[in-house]
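Below you'll find the structures, each written out as structure tokens.
Look for chain A in each of the two complexes below; its partner is chain B in the first and chain C in the second.
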Partner chain A sequence: MTPISGGERAFNAANIAFFILLMALMIYPFWYMVMASVSDPDLTASGGLFLLPAGFSSTAYQAVFQNVSILSGFKVTIITTAAGTLIGTFFSAGMAYAVSKKRLRGGKFFSLLILFTMLFSGGLVPSYLLVKMLGLIDSYGAFILPGAIGAWNIFVMISFFRGIPDELEEAAKIDGANDLTVFFRIVLPLSKPVLATVGLFIAVGYWNDFFSSVLYATEKDMWQLQMVLKDLISNTSQAISQAGISVAVQQQVNPFTVKMASILVSSAPILAVYPFLQKHFVKGALIGSVKG
Partner chain B sequence: MLLSVSLAMAVLTAACSGGNGNGDSAAGNGGAANTAALNSGGGAKEASKEPYKIKMALMAGPKTPDSWAEKALEEELAKSMGRPVDVQPIFLPDWSELNTKINLLMSAKDTRPGILWTGDTKEYAKWVDAGIAQDVTPSLQKYGKQILDYYRKDTLFYHWDKSGKIFRIPGDVPEASYMTTILRKDWLDKLGLQVPATLDEYVEVIRAFANGDPDGNGKKDTYGISGDNYYRSLAPFFYANGLDVENFVKQPDGSIKFGALDPKVKDVLGLLNKLYKEGVMDPRMTTSANNDDNKVNDIYASGKVGSFYRWVDYFNPGNSVNMSFKKLNPTGEYISVPPMKGPDGFSSDLPDPGIGWCYLVVTDATDVDSAVQVLNTMATPEVFKKITFGNEGEHYKMESGIFTPTIQPEEGSRLGLGNFGWYVQRKDAANIKNTPEVTKMFEDKIATSQPMRDKIVVFKAIERPEWDRYSADIKKVRDELFWGIITGKTPLDAFDKWPAQYEKLGGKKVDEEAAGMFDKEQAERVEYDKWYEENITPYK
Partner chain C sequence: MAVTKPEVLAGERKRAARGTLLKDIARDRYLYLLLLPGLLLVLVFKYMPMYGVVIAFQEYNIYKGISGSEWVGFDQFTRLFHSPDFGEILGNTIIISLYKLAASFTLPIILALLLNELRSKLFKRFAQSVVYLPHFISWVIFSGILITFLNPVDGLLNMIIQRFGGMPVDFLGDVRYFRSVLVISDVYKEVGWGTIIYLAAIAGVNADLYEAARIDGASKLKQTWHVTLPAIRPVILILLILSLANILEAGFQQIFLLYSPLVYDVADIIDTYVYRVGIQEANYSYATAAGLFKSAVAMALILSVNAIVKKSGQEGLW
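After this line comes the complex of A and B, so read on.
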């Protein structure tokens, strides 16, 4: 084994130091959020927060969890994310598989049709009117269906499916499998990386979605979590600064610590899921990008 | 074939994201049917057995669905209207998406709330033109005594249409003046200083606050004055000189002029620059980061600044910023003092224009008489107190005029207290949250803000095309120049070029438009006065 020279050692040390610093830069904002969310709001105001919490207070989390709409927000978002991810992934895969096959008549036309939705959208008001006329206002359908199929996701999947050797399919067909069997028994099991990647994209999209509630919910029980949190953070403080007036019922908590607690509450579930999907995610995204 | 089926299903699903909906559908139109029945019923009397359903767009408070406050309001409405009332709240989303939601709701009759709460929006003129916003004058005459009694004649002028109709009612009009000069009383005592009465004395006091170590920690870590990055925080300097750099100001010869062009502004900027250089002025107030109200509240609570020009509401013991200050500075004490007198003896607090900042529009989706009855009932002091603060003895107690909640804020949110805020929000004695001292401060400020109220021009017109076109550039250059001079980045003499810059940026057109509007609105006011005497005064 070649001994490490002084220069190399210095380079390694500098490298390690650099990456530790980089890591700290990435981690510190998150750490700061955690600390701020459990800090005493008054002490946070006086600027005493750096690495450890300034005092200790759970008022921010109490404000978040005692808000009557948080639980309904969680319910709506979890149902939307779970159902939306299943529906979105399934239909995206179905469409991508069909279009990826050269023998599909009009395949190019369908590809262009998908591409068209990437470049042009119906617009806000027409989309709203469509959902309203379908009777989907204040229903899960309004949150799930409009965003279920994304052109970009389909193109990623098309690239992946084109990488699966046709011989596998032919062999299955010789054994008597039909298209559906091939799709479910051969193609989907081989496509876990791309399914995980697209599934995660879709899930994060649904989880972070608040705008669908703005558009399609009139009942507060149907507000998604992000919408409830956004409202919780901004409403009182914004009212004061915009209008320069006092608000009748003012929360006795610091909006800053509530904001930090809200961000953590809303991002924790996705952070918990991410490590399990990460290996698929990296693989799937790479395959999609290289073969595009 | 199976491929095609799969594709067809996917295309069907994808269609939801991009299609353009045309044609009519009865789906989800229950509300419209109900409204139609109400409208055809010809008002409250014939439909007295039927519950009156009213959709109300709500923005304030905790936005709690199916709340105690909602039921309490329904009971009060049933009593006053003599028929069951079903209040159906539509909670509006947060401020950033507010107008999007309102525009969508207003796009179809079946989604339109009967009473729309809205902020300033140019859509309002379109709603009036399209017949969506209803004239409430006849209904106010019949059922709106509380509303007519509460709002001043001057306030209603800004909501009066020259066709002799009123298409919107103000939802919340701030107090006549809600900001005040605030000083650290304990610092004055410690440094042996008197409460200043003139601008010169005030400058000496804030200098002492910055340099005299008033917190006694041996460090130079205090500032004389702080606040947000708006000119209102500098009111003690500008208003003592009769200057307002944000508005058009009436001149002695009867004309009007953009206040930022007044040559006396240069002297004030020079003084502020000195105070900045000396470290008397908090440098944080010269950056837009301080436009975040929470940030200034934190500075206020930290107790390191001797003076602010800020909210009267801070003097309510229950104000959260005041409570934070007391917690961090147990011996600290802020006091409110009268506005500083300038070299000519002029003084004034910041006046509110008295227009209101949010409005209530009764739409064509409901019966206007009934909607006005709802609003009038909400405007009565008893109902306002009930839906805003709860029941006395159950949710709060009053001791020596001081309002003390007996429930936790979370419980108040669960009850929906404040849900119906900004629906004729009372700022008089019915606002029991204010202590008697604070109520008196607000009353006193009507007089102390009058001098600037007499000078500032408040335009009624929503449409100001030239102002809309040029004001962003004008304000940008003004702010860069003024804050540049204050912080020493721009020499004071640069102010001399400002009037020419203003003209170059479209100021001449803005001036012409303003002068034209001023004359027109003066004439309109004469018409309004006559209309008011005939149509409102007899019904008060």
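After this line comes the complex of A and C, so read on.
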């Protein structure tokens, strides 16, 4: 190592200071919401939260967990995310595995068929009319099926499957396995990293989706969580009065603190899993870019 | 005999080829089975809507369907191009897109270079985690945060402005500020995530090059300028080209969640227009024409960009 010059030391210090500031800027909105959500509703009404909560109260969270629209939103989103991630990941994997085999007749055609969906799309109105025509309005199918298969995910998986040595498959075939058993018993277990990566991206997509509700949900009890939140953010007092909150809580509820608590509760699942899965997210972004 | 022989052979070859084709299909039947469910979803939910764009050439009536509706040729497009809305939404789409491009193309490169200079591994990893995080938070939640912070009555930012003696500003309802809010919030959310590819590219730069530069007495800044940046230039180029090809994507969800009639003049883009006119006002054919205009231009852009990249001797996008 060459000795570090004074200028370089100054730069390093400034760089660290810059990142501390940047991180503070990124974390502050979340901290602000934590403060607001646990503060005493009467004290926040006067405004002026800055670094520390004012008093303490859990009424905002009680209101959130008693709110029937939020609970129903959680239900819809959890079902959509679970089913969608399962369908999306496994159907994509099946497609990608078949197309990854160079011997497959028509493989080239199928991969072009998938590629073309990246270049051109029918657009919003024809997709909406199709879902309507299929009778999927106000059903989970409308939230799950249209977005389950993404071309990007398939190409990421194809490049992964092509990296699995053919010898494994051949050996299994000699032992009497067919393509299905090879896929389920050998390929899928070997593909956990790519399945996790693609599955996570699909899951985040479903979790954060609100627009499917805008388009395809006419009944409020079919709203996804993000749609409930969107409604709550734009007109808090109304959304609260509609929900079945106990009178005791309702009397001391402050729409603002409830709003903050709902936002935190609904992003909690992502915030909770994110640190453990960050590695996979990054890997996914990289495989995608290398492929691109 | 000598004349017919090649024909017989060709026939036999054809029959043999058909035989092996069928045999191959039979051999790979389970592969086709694995392909099938995904393929069905793609055909139904991607290709059916592509067929559905034909209603852009009709006066679509939802009760008569595609087969029963009247064909009107390019009338919807003529109406669209002559509408005063068209110039506005196309202009807004491109302007917002270009603003975002200017910011979200350069800042991740700078941030990646700075991240790369952090000496402490642990601090670097922590900083990365924090700046990636906003990418995974939904736009619904982000719009909630923005609406709260920018509220003209009791939003934090306006309280700070007032404390310093300024007048409160309606950031989301004022045509002068709305686009800045879009660009800044987009950068805030995506700048960290944008560094990932650059960081990987920087990590791949040959360490000998830095060593040689150091021996020649190059400062850190000069090393960055003469070694790092040239080394990651191909990645920068590819990403720039990709974002230019996506110029008609101005960020539908973000704008949809933040805009209001107050700022339509500066914020209404093709996608939001298609939603309002097509879904809310049920002008199906007209809105489909607007959407088809966008998809067609986008496809032409990406195809020509890919052709140019390939012609210039670089590896194309596919």
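Criterion: the second predicted complex is superposed on the first by the 197 of 292 C-alpha atoms of A that agree within 3 Å, B and C clash if a C-alpha of one lies under 4 Å from a C-alpha of the other, contacts with A are read in each partner's own complex, and residues count from 1 in each chain.
The rule is short, and it goes like this: a residue touches a chain if its C-beta (ideal position, glycine included) is under 8 Å from a C-beta of that chain, and two chains touch if they have at least 3 such contacts.
In this text, all values refer to a predicted model and were calculated from it rather than measured experimentally.
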item: First, second, both or neither for A:63, with chain B first and chain C second; value: first
item: Partner chain(s) touched by A:149 [first = chain B, second = chain C, both, neither]; value: both
item: First, second, both or neither for A:221, with chain B first and chain C second; value: first
item: Which of chain B and chain C A:55 touches, first, second, both or neither; value: neither
item: First (chain B), second (chain C), both or neither touched by A:163; value: neither
item: Chain B versus chain C as contact partner of A:269, first or second or both or neither; value: neither
item: Touched partner set for A:130, first chain B, second chain C, both or neither; value: both
item: First, second, both or neither for A:213, with chain B first and chain C second; value: first
item: Set of chain A residues, in rising order, touched by both chain B and chain C; value: 47, 91-92, 94-95, 97-99, 101, 104, 110, 113-114, 117, 120-130, 134, 145-149, 178-180, 183, 211, 215, 227, 230, 233-234, 256
item: Residues of chain B defined as touching chain A within the complex; value: 1-4, 6-7, 9-11, 13-14, 16-21, 23-25, 27-28, 60-65, 89-91, 93-97, 100-101, 103-105, 107-108, 111, 172, 174-175, 178-179, 232, 291-294, 297-298, 301-302, 311, 313, 316, 319-320, 323-324, 327-328, 357-358, 388-389, 409-410, 412-414, 417-418, 421, 425, 431, 433
item: Complex interface listing, chain C residues touching chain A; value: 21, 24-25, 28, 30-39, 41-42, 44-53, 55, 62, 114-115, 117-119, 123, 126-127, 129-134, 136-141, 143-145, 147-149, 154, 156, 159, 188, 192-193, 196-197, 200, 214, 219-220, 238, 242, 253, 256-257, 271, 274-275, 278-279, 284, 287-288, 291-292, 294-296, 298-299, 302-303, 317-318
item: Chain A residues touching chain B - in the complex, by the definition given at the top; value: 41-43, 45-47, 62-63, 66-69, 87, 91-92, 94-95, 97-99, 101, 104, 110, 113-114, 117, 120-135, 137, 145-149, 178-180, 183, 211, 213-215, 218-221, 223, 227, 230-231, 233-235, 237-256
item: Chain C partner contacts - residues on chain A that touch it in the complex; value: 2, 7-8, 11-12, 15-16, 18-19, 22-23, 25-27, 29, 32-33, 47-50, 91-92, 94-95, 97-99, 101, 103-105, 110, 113-115, 117, 119-130, 134, 145-149, 154, 178-180, 183, 204, 207-208, 210-211, 215, 226-227, 229-230, 233-234, 256, 259-260, 263, 266-267, 270-271, 274-275, 278, 281-282, 285-286, 289, 292
